[in-house]
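Please find the structures below.
Each of the two complexes below includes chain A, the first together with chain B, the second together with chain C.
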Partner chain A sequence: MAEQIALEGNQAVAEAMRQVNPDVVAAYPITPSTEVVQIFSQFAADGKVDTEFVAVESEHSAMTACISAALSGGRVMNATSSQGLALMWEMLYIGASLRTPITLALVNRALSGNINIHCDHSDSMGARDCGWIQLFCENAQEAYDTMFQAVRIGEDLRVRLPVMVCYDGFLVSHSVEMVKVEEDAAVADWVGPYVVDRPLLDVKKPYTVGPLDLQDFYFEHKRTQVEAYPGVPAVIEEVGASFEAAFGRPYGLMEPYMLDDAETAIVSLGSTAGTVKDIVDAQRAAGKAVGALKLRAFRPFPADELAAQLAGKKAVAVLDRSMSFGAASAPLYSEVTSALYARGATVPVATYVYGLGGREILPEHIEQVYEDLAAVAASQKADTQPKYLGLRE
Partner chain B sequence: MIYPRDAKWQDLARGGIIPEAGTALAYKTGGWRTFRPIRDNECCIDCLFCWVYCPDGAIVCEEQSVKDKPIDLDHCKGCAVCAEVCPKDCIKMVRETEIQD
Partner chain C sequence: MPQLTEVRWHGRGGQGAKTAGYILAEAAAADGWQIQAFPEYGAERRGAPMRSFVRISDAPIRLRCPVRNPKIVIVLDDTLLGSEDVASGAADDAIVLVNTTMSPDEVRKQLSNPHLRVATVDATGIALDTIKRDIPNTPMLGALAKTTGVVTLEGAKRAVHEKLAGKLSEAVLQGNLAAIGRAYEEVREA
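On to the complex of A and B.
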């Protein structure tokens, strides 16, 4: 029987890892993801999993070990945050370009400097071009459920890519929520065995990995990699639908909330999307036609699907929990506007930056955004510069 | 298989692999070389240090001997490790432009 248990997000994710029982976990602790690895290493020490747990000396080595183990034919998982992800940097690109399925719990935390251990999305966003799939979770249940789906998505023979399961540091990772934990056998059956199609340890069929690749072939190889992504959204939807059929909780690329007849909408990622939905409820009760779009898949960016959801709205606001210094705009806003405008939609989009380094986002901030959106809808003009929610200025 | 030089991106395997092992042999890097190792075979005592240390396997060794054997110039990059480790100082590095082939 599935059980409702009060768990922190990290505990739920470690539980999911126990149930997946991967072949290899190579990890190095960093706040706020530490608990995931700490709890899992206890499972390994207690013999509750068959996993080879590799305690490495850095995140760079952790990712290197994960890539090597995945190439060798193992199912691999890992967890990190912030500077830990930054230290994995060069290996992240290599893992994706070698098409190795790895499931990484990325507990979102601000990047230094100055040093800060609390939530924002600068770690995920800094890695947005490295070729990993990125799925954002709103709460502990979604993080737990998405760990299983990430394994299926990344290992799918049409995909074969590493996946980051992103959830907000402390807000989700250390908050206790009621989580429905499925039966071990039920989730293990649903995840299924790892189909190893090209094990590096098969000495009868040797091949060359990561060779020197200069002016003569590198360009063709990058073009080959591009081809991995257009099919991924359909697999994310397919796996989400299969998960719903098995366990009753629906998942897809995004979650539209009261969006069909909404005149204005807020686009957001992660735990803030939950707060936004609460405000939508309150505004709807007050007779206002507002809605929300929670984006789950940030990479690959589901531009067609997102544009279809937002085209025709009178005004849209995008909430970014990170900056892109020196860029024309913040990361999510950039993606949303280019998705819309490249498809001919002319909806004005307002840009907001919030929550850097764990600064609280409050209901009144989101109410303010909907108020601003009413004005943007009337004027059909949105400022290209972000407004900062909760900043002292 | 090793891909032909005109292979299109559609022809390449997933993940940038070469679906074969030991393919460095077919990838010639001798053109990178600025200095060519020239061994004085009279001086060579066949200690095999050059063969052991060569990072490119370019020192040809047959029947446990390198003396009088060629150096694989298709793969030698001219790094001069062989000249450095030779205990008899038998290997000289000569600038390619000064060699009349």
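On to the complex of A and C.
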């Protein structure tokens, strides 16, 4: 029987990895990696999984080993965070370019410097152009559920790409909450066996990966790689619908909340979307037509679907938990405004940066954003520079 | 609107505020409540002031921020009363439960809000007697059971047993369970 258990986010994700029982997990089992790997390595040591657990000497090596194992025909999983992801950076591009379906739990934490261990989305955003699918989770249940879906999405023969399952450091990773843990057999059946389409070790059908690829063909290969992405959103939705049919919890590209008849809306990623929903309920009770849009898929960015949800609103606010230094605007705001304006939507969009390095985001911050949005809706003008929530200035 | 009870623990690193918060949450979960529990991670070191938070509700908990308006405040170390505003944000019907040899009236004089309910118990003394170590967190669960309805005495003991059985020696586990019972009997409120 599926059961409700009090678990920390990292415990829930490690539990999902145990249930997937991957062929290989290659990890650097010390900070900045996560408790996910620590817990999973215990499962491996106790014989609760059949996984080959490879303890490597760095996060760079961890990703290298994961890519190699995936190319050889293994189902591969891993977990990391913050500086760990940053050290993988070179290999992240290679993993995506070689179309290796790896599932990586990413506990979102700040990047140095200065040294900080707490939540923000700088690590994910630093890797947003490398070709991985990025799915953001609001809570431990979503992180647990998304680990299974990530395996199916990444391994789908129409996709064949690595997937990051992103969830907020400490706020989700180290929070205890109730998680519905499904039966081992039920999730194993749902995930299904790994279809190996072209293992590197198949000597009857030899092929080459990662060779020198200069002016004559590199450009064509990148052009074909980009073709992998437009079809991914449909697969994310299909897998989400299949998961809902099996386990009753719906998943898609994004989660609109009281959005249909909303005049103003807040777009956010990760655990903050939970706080936003509470404020939407309170504002609705006070008669205000507000809504919210939680984005789940950040890569590929579901621009058409997002624009369809937000076009026609009187004003929108985007909350970014990272900054892009020297850029015209913060990452999520850039994507949302590009999606809207390229599709002719003229809704004014306000930009907010919050929560860097774990700075708390409080209900009154969200209330302030909705209050600001009422003014933006009236004037139809939004400042292009971000406002900072919860910052001492 | 959902019925939400928010709890804030004040302690020092090593006193078990995180573990006690988790045990409280798990006890509430066993009674069918939705729960959320998390510590405030700072520069972790033994003796440094730290806080942990528990939310208990009849509806799924979506808020993701520290508890600022607690219904229940638990102070594991009375030297914090002089350095931290443990009553911060607590409404007048909230209770402050302190591990101390002081009386509730003496503690009240040190609080920023004198209208709060105050209860005290010598959890350190009880822990030294029963567990043979200064770990005041589990006895506080017994005091909590007596002074609030948030957990029952049996629920607290069951949750401690589930959390700590196998991790501690049988003698230490039994010491913890005895400590909960003693704190339940000895807590004073005024």
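Quick note on the criterion: the second predicted complex is superposed on the first by the 388 of 393 C-alpha atoms of A that agree within 3 Å, B and C clash if a C-alpha of one lies under 4 Å from a C-alpha of the other, contacts with A are read in each partner's own complex, and residues count from 1 in each chain.
Keep this in mind: contacts are C-beta pairs under 8 Å (C-beta built on N, C-alpha and C of every residue); 3 or more make two chains touch, one makes a residue touch a chain.
Model, not experiment: these values are computed from the prediction.
Tell me the contact category for A:118 with respect to chain B and chain C: first, second, both or neither.
Touch partner of A:118: chain C, not chain B.
For A:360 in the superposed arrangement: first (chain B), second (chain C), both or neither?
In the superposed model, A:360 contacts chain C only, not chain B.
So in the superposed three-chain picture, is A:278 touching just chain B, just chain C, both, or none of them (first/second/both/neither)?
It touches chain C, and chain B stays clear.
After lining up the shared chain so the two structures overlap, which partner does A:324 touch, if you call chain B first and chain C second: first, second, both or neither?
In the superposition, A:324 touches no partner, neither chain B nor chain C.
Once the structures are superposed on A, label A:242 by its partner contacts, choosing first (chain B), second (chain C), both or neither.
Touch partners of A:242: none, neither chain B nor chain C.
Figure out whether A:38 sits in contact with chain B (first) or chain C (second), or with both, or with neither.
neither
Just to be sure I read the superposition right, which of the two partners does A:210 touch: chain B = first, chain C = second, or both, or neither?
A:210: touches chain B, not chain C.
Examine A:175 and indicate which partner it touches, taking first as chain B and second as chain C; both and neither are also allowed.
Once the two structures are laid over each other on A, A:175 reaches chain C alone.
Going by the contact rule set out above, which residues of chain A touch chain C in the complex?
Its residues touching chain C are 4, 6, 117-118, 138-139, 168, 170-172, 174-178, 271-272, 274-275, 277-278, 281, 285, 360-363.
What residues of chain C sit close enough to touch chain A in their complex?
Listed in rising order, the residues are 1, 22, 25-26, 29, 34-39, 41, 61-66, 68.
Over in the complex, which chain A residues touch chain B? Could you list them?
Against chain B, the touching part of chain A is residues 97-100, 160, 198, 206-213, 216-217, 219-221, 223-225, 228.
Quick check: in the complex, which residue numbers of chain B touch chain A?
The touching residues are 3, 5, 7-10, 12, 14-24, 27.
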